[in-house]
Amino acid sequence: MDKITFASQLLQYTVTGITIGSVYAMVAIGFNIIYNVTEIINLAQGEFVMLGGLVMVFLQVSLGLPVVIAFAGTVLIVTLVGLVLDRLAIRPIRQPSVLTLIIATIAASIMIKGAAMLIWGKDPFDLPAFSGRTPILVGGATIQPQYLWVVGFLVVTVIGLTLFFNKSIVGKAMSACSENADAARLVGINVQHMVLLSFALSAAIGAVAGLTMTPIALMEYDRGAMLAVKGFGAAILGGLGSFPGAICGGLILGLIESLGAGLLSSGYKDAYALVVLLAVLFFRPSGILGNLEVTRFKRF
Amino acid sequence: MATRMETNTILEVEALIKSFGGVTALMDVNLKVPKGGIKAVIGPNGAGKTTLFNIITGTLAPTEGQVKFNGGIISGLKSHQIAALGISRTFQTVELFDNMTVLENVLTGQHLHCSSIFMACGLSLPMIRRQERGMIAKAEKILAFIGLGHKADAMADSLPLGERKILEIGRALATDPQLICLDEPAAGLNETETEAAARLIQAIKAKGITVLLVEHDMHIIMNISDEIMVLNYGEKIADGTPTEIQCNPKVIEAYLGDSECAFI
Amino acid sequence: MLEIRKTPMVAVAAAIVLFPLLAAAIPAMNHYTGIMVFAGIYCLITIGLSILMGYAGQISLGHAAFFGIGAYTSGILTTQIRIDPWLALIAGILAAALVAVAVGAPSLKLKGHYLAMATLAFGIIVNIVFREQVALTGGPDGMGGIPRMQLFGLMIDSTQKFYYLVWALVSGAFLFTVNLLQSPAGRALRAIHTSEPAASAMGIDIARTKIIVFVYSAALASLAGSLYAHYMNFINPSSFDLFFSIKLIIMITLGGMHTLWGAVLGSILIAFLSLEWLHFFEEFEIVVYGGILLAVTIFLPHGLAGVPAMLRNRLRR
């Protein structure tokens, strides 16, 4: 009989921590994309993740579509929701102030959540894992193959975004907007389109996070808020607007949560990430990688 | 004609340096403001005048150097603490309380001299009500002094610019300051309004309040100031009476362009 | 806006006093008194939140936490130590005030989104504590057996009596707040909302003022929570969650953030919406609230209380 050593327990928590941290990192990246272009914090970010999971359930489980098609369909649909959010909730506001924008994104998030409840009900849903559930044993810790998919998609997202922002014309245009929207307008960049695109990208990334995490943690209609707050915590921890920061912040937050739940108390699991968020806001709002002068780390 | 004053110094700025990241806004600036006089700070745009004001009034902290008021160091204190010590100010972009009436703006200026204890205010204790009557009387006096008595109940944002600037001065006077810092009181005003502002500033001096002012309007500066300091690119290039300044070659070169010493 | 005229006040006071009698007389309206008890409890919170948000310009997405602190303090002290409900209520207010200072001091230095997130996180953390400290709070299953309140020997054991108690307190809070807004303290608050640099230049200690207002709003929320506990005789953590914090925001936004009447109006409307009009459409509750919040934010930024002014402006053109 295998003895579960403390070391292997620790390893297990680390593995789980990195996995969930990757999800938080993706949510944080979503926050950063919209924030960089618009300076808006989209409090509905978590709903994209929730929808990613539930729409995938609908396409893959209810309709029985093959996983790749369901994947593409989910990303498409959630991206559409993101576009609608910008168009119907953000754009119409005539006198945008920080307060009104916060309230607008909250309103949008509860509408999406409410709609999800009507469609899917309150029960949690499961998804088949992409490559089965045979666990991989490493040093006493069990790694579900789906964990690797989650981390893998984070890596793909990061590489994809780097290429997008540095090499593609659209991506560079978006970078220009976040640098200086007025200057961007002057050289002919349609800022409104860039804003729309930023919502679309954030929604897509959120959807991917959602559908890859559902086989591990299930998904239900009201998971969005908690994911959003923790994702925001990750973004702030790493320095708002910084993508390397989002990754670091997400992974650190995931580890703290996992280790805390495992070593201290699992009942307070959600509280750990929130306490970290408060600590960062109170003591170092610019984040651990953030620095008011270091704007060159702001994006890829 | 103004002569150099031999009175004591109410405000002293010593070796002041202010940098923002890589930009040095003020470099080794020294300033002495004579008590009871009118001292002007002039200089081209971007010379650092408002930064200097912001440091004196506590909105910004100096990078190096210090500010002394009545002999005590005030640099590093918060702006509300400096206000409590007796320094008041107006703003370049008029910062009135637009959600209040003219009278309420001046009443707010009296904040330092009234009790605003939460519970007492909420319960509308007799002490508070008595105090309010006294404050209103004092505010009405100030409004009469600055010539806005007839507009006491108008909303602050309904006033034309000239009156808004005057109101801001009135609000600053309500704090009962020893030193009042006016940031471009005549900016955007026409000739009549500028004259009125100049007269008001002289009336303030007559009350014994020291005036430190930043201005671009040369006529006001030359006519009412006792002393003038000239800043250029964050450095002091001259300090003296209006006559001395007008004929200072460095000043003429840096700022007054080709206008000769013909300001009298 | 701040000229609270005598006539509307007297009319409203009369309406409040007479309402339960009307409701008792009309069968279809019998249960409305109960709904108005909730509306009153909500009002206590929204009056405080309204000056925090509408006048001081600070957002709180975690006020359910203070509501819960009041409720649980009252519940715990009256069931486990059996002290007088009114003493427990005061203890709740003190507890809420202390927490408000502890959380407010670092939070209120933050701006905009950071403040919103800090209050959001705070609210969730407190809710988690309510759920996890089972020995103290009964955990997710809740805490029951909370006794009724007494006032000068009279047992407050009917909905009608509770109605009058709650609305008497609401009237007190309303008048207190009106006095506040017209006083030097209120001017300081309004000054901060318009121009912090100018307020500071007038000698107003901005940080301290914001914390005081935050504490005041927390105290009112706690008071409401204690009343809630004694009215329901049973509380559980799901009444003090993020969704309730958001409901409070909806009440204020719907009624109008910039007037106290707006807070009262919004509270009454949402109370009726959730307990009466949406009663048979509970699944739609969430979507409807979201829709209302969004619609009001886009089309009625000053809430329903701002409609008369809006109409006046339109007619002038």
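For reference, chains read A, B and C in written order, and residue numbers begin at 1 within each chain.
What we mean here is this: a contact is a pair of C-beta atoms (placed from the backbone, for glycine too) under 8 Å apart; a residue touches a chain by one contact, two chains touch by 3 or more.
The shown structure was predicted, so the numbers you read here are calculated from the model rather than taken from an experiment.
K.L.:
Measuring between mean CA coordinates, which chain is farthest from chain B?
P.N.:
Result for max centroid distance from chain B is chain A.
K.L.:
Select the chain whose centre, defined as the mean of its C-alpha atoms, is least distant from the mean of all protein C-alpha atoms.
P.N.:
Central chain is C.
K.L.:
If you average the CA atoms of chain B and of chain C, how far apart do the two points sit, in angstrom?
P.N.:
Whole-Å distance between the two chain centres: 42.
K.L.:
What whole-number Å value describes the gap between the mean CA coordinates of chain A and chain C?
P.N.:
About 33 Å separates the centre of chain A from that of chain C.
K.L.:
Please compute the C-alpha centroid of chain A, do the same for chain B, then give the distance between them in whole Å.
P.N.:
Going by mean C-alpha positions, chain A sits 50 Å from chain B.
K.L.:
Spell out the part of chain C that touches chain B in their complex, as residue ranges.
P.N.:
So the residues of chain C in touch with chain B come to 176-177, 179-180, 183-188, 190-191, 193-195, 197-206, 212, 216.
K.L.:
Help me check something: in the complex, which residues belonging to chain A touch chain C?
P.N.:
So the residues of chain A touching chain C come out as 41, 43, 88-89, 92-95, 98-100, 102-104, 106-115, 117-118, 225-226, 229, 232-233, 236, 265, 267-268, 270-271, 274-275, 277-278, 281-282, 285.
K.L.:
Per the contact definition, I'd like the list of chain C residues that touch chain A in the complex.
P.N.:
Within the complex, chain C contacts chain A at residues 53, 57, 59, 61, 106-107, 110-114, 116-118, 120-122, 124-125, 128-129, 131-132, 242-243, 246, 249, 253, 283-291, 293-294, 297-298, 301.
K.L.:
Write out the stretch or stretches of chain B touching chain C in their complex.
P.N.:
Going through chain B, the ones touching chain C are 57-59, 78-80, 83-84, 88-89, 91, 95-100, 104, 107-112, 114-118, 121-124, 128, 131-132, 135, 171-172, 175.
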